[in-house]
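Look at the two complexes coming up: subunit A is in both, with subunit B in one and subunit C in the other.
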Partner chain A sequence: MTRITIGPFNRVEGDLEVRLDVEGGRVMRAEVTAPLYRGFEQILEGRPVLDALVLAPRICGICSVSQSVSAATALRHAMAIEAAPNGLLATNIAHAAENAADHLTHFYIFFMPDFAREAYAPHAWHEAARERFAATRGSASRDALPARARLLETMGIIAGKWPHSLAFQPGGTTRAIDLGSRVRLLSIIAAFRSFLETIVFADTLENVLALTTADELDAWRDGRGGDFAHFLRIADSLSLTDLGRGTGLLMSYGAYEGVDGTLFPRGLFGPSAMIEPLPVKQISEDVSHAWMRDLSTDPAQSSTIPDPDKAEAYSWCKAPRLSGQPIEVGAIARQTVAGQPLITDLVTRNGTNVRSRVVARLIETARLALAMEQWTRALRLSEPFCNASREAPDGSHVGLVEAARGSLGHWMAVRNGKLERYQIIAPTTWNFSPRDSSDVGGPLEQALVGTDVGDAGPRSVAIQHIVRSFDPCMVCTAH
Partner chain B sequence: MSGSDGMTNVLWLQGASCGGCTMSILESGASGWFDELRQFGINLLWHPSVSEETGEEAVEVLQSVLDGEVRLDLLLLEGSVARGPNDTGRFNMLAGTNRSVYRWMLDLAPCADYVVAVGSCAAYGGVPAAGSNPTDAVGLQFEGADRGGALGPGFRSRLGLPVINVAGCAPHPGWMMETILALTTKDVATTDLDSYGRPKFVADHLAHHGCSRNEFYEFKASAETMSERGCLMEHLGCKATQAVGDCNQRSWNGGGSCTKGGYACIACTSPGFERRA
Partner chain C sequence: MGAATETFYSVIRRQGITRRSFHKFCSLTATSLGLGPLAASRIANALETKPRVPVIWMHGLECTCCSESFIRSAHPLVKDAVLSMISLDYDDTIMAAAGHQAEAILDETRAKYKGQYILAVEGNPPLNEGGMFCIDGGKPFVEKLKMMAEDASAIIAWGACASWGCVQAAKPNPTQATPIDKVITNKPIIKVPGCPPIAEVMTGVVTFITTFGRLPELDRQGRPKMFYSQRIHDKCYRRPHFDAGQFVEEWDDDAARKGYCLYKMGCKGPTTYNACSTVRWNGGVSFPIQSGHGCIGCSEDGFWDKGSFYDRLTTINQFGIEKNADQVGMVAAGAVGAAIAAHAAVTAVKRLASKRDDAEHRS
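Up next is the complex of A and B:
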């Protein structure tokens, strides 16, 4: 048995260390370490409740709006107020823009550059992949970065700036959108749609979303231009469907709240291949392998106190579990729970894997572009965007949202107008969790086991694909 | 341009960071940030979010700088330096190296012609230094408003400058890029920095200058809630009259700013803003 350590693991948000025990070129055991702890939960304790809106988004520069919305949602429950319907719509537009921008950043900047590596030089497709996707040099970044910047101009209109905005309040959003601003939003969203239809898909969004089975996707891919089909051809050449298989349990907290419910529903997808109600009360956090003191497994009751010299621990990340089980989260979980036909078919056939995780992100991006347009048109410009905040009486509340990378929750306890406790479970806390007290590894740890690294050892490209297929956000993970 | 080959070698590291400064600078450049860097002869030796090299390939890049094999023109750090626990830096290890980012910065900073703190965390400690400062987070050359920090008050980079602080949370992409580009032509002297190490081309302005709510300020017409018209200072604590930055003279994300967005300035370019948010 040989132990391999991989780090700094870059082209993820933040830093990551992966240790693999390898025998005969095959991974037998994996340990995933979040190497950064900043102490947000400790910092928030004792602050006035509204400070959560200033500090919590600063957990993460890539999913700052998600953090804002999670904090604002918990505060809305704490204040027992309703959000203005326009505020919910404007929040959804900005939140979808962030999540779609994150999916683009993942695809073009973090994930695809690995196919340009010299290790793939013998493959017939390598030269084209290198020209298009090589890190910092590929032609794709000249299309993708300006498209991302243009999409993020939604933030200039709704949120003042990005990342880190105070526009997302318990009662709605702070900037009233007028007619001119609505037209500017529609123009940005139209440009985004055009980018997706010409550069990413080489087809209309309607046609892409009409694909319902794996076979239809294969037929659509053949002979098609665009970067999505380019990825699918590489993925099939490398059999990425067989790489990084997930454990099968997927969840979504539900995403994009409206007056009549959420765009994507809340639920759990389990071994029965049915969508079940999500038992939110069964969420716990285990610290047996985290450098943290054991206080309470219930996020509504717990605090966070580091214990840097704890034996058996190997990460700053706690191990969240649902009814004692590790859960995979992200676009693939969200779209499976939402019953999106193509993603459901891919997951039913081959579970979650490197290929299907990437497909789910891009299919979701197409859905978001259409939803953003509808939300923008639905704004009632003569009505308010923000209802007034109130004092928050003592009590415990939770804000559950879906960030680009999956389920994000803020559990807060309020006492005398201050934050008595604050616990955050981020998407990558779920996906990249360490082992729990039953010695069950987190989703990535399990997905890595069995991977063939051959003679490449720490330079195995397969490991790179598996890790990045989850689109980890390590700054959120331990926060 | 720096160096005999005409290229400027830039190394970007992340400490106790949210990554938001990188997310901001990725908005820079009409044909993308990478193209913009190339247009100015900048060679990105390594950047944690965008470079191909990972694991031992990345460590080789850092080691080649320490060994003097590769010239380091600009060293940028995003995120605070977490010195804890007990000055070990273990709250923020550089993965795969068994060494903290704190130690890496102590070793790398003397190799660089210029050292740039990207964002208020790297400059002054920032958000991780809020509250009880659980990780003993500091800036590269400031601890809040006090000189000191990870590198100490006497540190000077190879060309004799203190750490250059591009403050902001997150900074405008233009603040970062203009600082980097001015350094490639060695157009920055100590006299171009204010007393907190910030480039004066940003710090000589106030967020209040150019605020679209200035008429409301003049006539003391105050907003009572964040979404209302009116000046945000009296009831909502807007700090724009004290906060440095040309925030309202530039466009953020195509036309925004905090006050245009309907909420108060929190002076994120100032040391210690996180303590009184």
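Up next is the complex of A and C:
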């Protein structure tokens, strides 16, 4: 058995290290380390409750709206107020723009450049992949970066600035959208849709979303232009369906709150392969392998205090569990729980894997482009965008939202108008969690076991594909 | 990696950028830096003849918001020109290489361009527990930072983290996150604060340094004067409402819809030096005050520990509607005529204010 260490990882958000025990070219055991910790939960404790709206988004420069919305949702529950319907819509538009932008970043900047590696030179598709997707030099970044920047002008209109926007408040958003701004929003969303339909899919979003089975997707792929079909051809040539299999348990907190519920529902895709209600109270955090002091396992009762000398520990990341089980989160979980036909079919056949995770992100991006357009049209410009805040009485509350990378929760306890405790469980905290006290690894650790790395050792591209297929956000992970 | 004599122009030509686009880039750059019309040809000449300056971009304890801002710059041709100009010989977030290969590039650039490269630092080093709160390639980030700084010609401190510490250094600063000028004391450091800094300010600074081979003029806090010499308040489009005493009292109230001043909602525009109200954000679309929320002063030192972000400033003079134009004019003339003195005074006032906060925290 040999032990190999892979890290620092590039083209992931933040710092990451992975250690693998390899025997006969196969991964027998994996340990995932989040090597960066800043102490946001410690910093938040004792501050005025509203300061969470400024500090929490600064956990992450690419998921900042998700962090804002999570904090604002928890505060809304704490204040026992309703958000103005317009405020919910405006928040959803901005949040969807961030999540769609993150999906594009993942696809074009982080994930696809791996196919331009020299290791793939013998493959017939390599030259085209290199020309299109090579990091910083491929032609795709010249299409994707401006499209992404244009989409994020949405943030300028709704939130003033991004990352780290301030407009998201418990009662809604601070900016009332006027007619001119609505027109600008619609034109940005139309441009985004056109980018998706010409560059990404080479087909209309309606046609893409009408695909319901794996076989239909295969038939659609053949002979099609666009970067999605390009990916599918490479993925099938490399059998990426067999790479990085997940454990099968998927969760979504429900995403994009509206007056009549959420666009994507809350739920658990359990061992029975059925959608079940999500037992939120069964969420716990285990610190047996984290450099953290052992306090309560209930996020509503716990604090985060480093214990850098803990012998068994190997990560700053705690190990969140649902009813004691590790859970995979992300676009694939969200779309499975939402019953999206194509993703449900892919997951039912082959579970979660490198290929289906990427497919789920792009399918979700198509759905978001359509939803953003509807939300923008639904704004009632003469009505309020923000309801008044109130003092938050003592108590414990939680804000559960879906970031691009999966389920994000802020647990806060309020006392005398101050934050008594604050706990954050981010998507990659779930996906890249270390082992728990039963020695069960997190979703990535389990997905890596059994991978064939051959003679490549630390240079194995398969490992890079598996890690990036989860689209980790390491700065959110241990915050 | 290119030879040491490679020019920026040859790099961008290889990227397939036309000469016409190159000249457009030069004139827009001159304008955005506030330089005169002749500067465009000077920039073009410099980029055609001087060797390309390599840039190493490192990430410490941070959230990547500075990179995120940078790659969305509306600066002319940023996607082609600036990215290829600085080439980002090494950048954790977007580069092609990984792991040990990436570390090798770092060593190679350091040796080959000794004393010539620019070190751009995003984030800062945490010093508690021997630096183990930010381990990069098996070593504490602070070691890698010191090593790379040793052979750099100058250092760019991106954002509030590298410049001042930022929210991760907020009380109780669990990891002892430390601004880089406390760790590196023997190199010129240009601070580009903000959380994050404005994209066009970042690309403007990089373009200036790589074009002219020197740092732009800095103020006494180490910030480029061309972008940080005015307060948000000085160029705020809501300023007339401040002067007229017309204020928002609650989010999205009638006054908010009329675009009144956000001072009473805790806006820190009057004490914050940055270019948000002129350059604006997300492609010049807007900035926080335009979204109906006050400024939190994210480019100022210590903005994270000055009481609630929603408390109103009590340390500035306010022009009430009862004041006559002569009185208002005198105060305004004083402020404009002695911008530096005013800044010093504001800073002194803020220092006093933070001392008071400290006292409150202890009590």
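Just so it is clear, the second predicted complex is superposed on the first by the 479 of 479 C-alpha atoms of A that agree within 3 Å, B and C clash if a C-alpha of one lies under 4 Å from a C-alpha of the other, contacts with A are read in each partner's own complex, and residues count from 1 in each chain.
Keep this in mind: a residue touches a chain if its C-beta (ideal position, glycine included) is under 8 Å from a C-beta of that chain, and two chains touch if they have at least 3 such contacts.
Just so we're clear, the structure is a prediction, and the values are computed from it rather than from any experiment.
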Subunit A as common anchor, with subunit B and subunit C clashing or fitting: clash
First (subunit B), second (subunit C), both or neither touched by A:Leu16: first
Subunit B versus subunit C as contact partner of A:Ala71, first or second or both or neither: neither
Subunit B versus subunit C as contact partner of A:Gly156, first or second or both or neither: both
Touching partner for A:Ala388 - first (subunit B), second (subunit C), both, neither: both
Partner chain(s) touched by A:Pro146 [first = subunit B, second = subunit C, both, neither]: both
Partner chain(s) touched by A:Arg58 [first = subunit B, second = subunit C, both, neither]: both
Subunit B versus subunit C as contact partner of A:Ile275, first or second or both or neither: neither
Those residues of subunit A which subunit B touches in one complex and subunit C touches in the other: 5-11, 13-15, 17, 35-39, 42-43, 47, 51, 54-55, 58-62, 64, 109, 113, 116, 134-137, 141-142, 145-146, 148-150, 152-153, 155-167, 169, 172-176, 306, 308, 316, 384-386, 388, 458-459, 464, 475
Residue ranges of subunit B touching subunit A (in the complex, touch as defined): 14, 16-24, 26-27, 29-35, 37, 44, 46-59, 82, 85, 90-97, 127-128, 130-135, 137, 169-170, 225-227, 251-264, 266, 268, 274, 277
Residues of subunit C touching subunit A in the complex: 15, 59, 61-69, 71-74, 79-80, 83, 88, 92-100, 102-103, 126, 129, 132-138, 166-168, 170-175, 177, 195-196, 250-252, 256-257, 276, 280-283, 285-294, 296, 298, 304, 308-310
In the complex, subunit A residues that touch subunit B: 5-11, 13-17, 33, 35-39, 42-47, 51, 54-55, 58-62, 64, 105, 109-110, 113-114, 116-117, 134-137, 141-142, 144-146, 148-150, 152-167, 169, 172-176, 184, 188, 306, 308, 316, 384-386, 388, 458-459, 464, 475
In the complex with subunit C, residue positions of subunit A that touch it: 5-11, 13-15, 17, 35-40, 42-43, 47-48, 50-51, 53-55, 58-62, 64, 84, 109, 113, 116, 134-137, 141-142, 145-146, 148-150, 152-153, 155-167, 169, 171-176, 306, 308, 316, 384-386, 388-389, 458-459, 464, 475
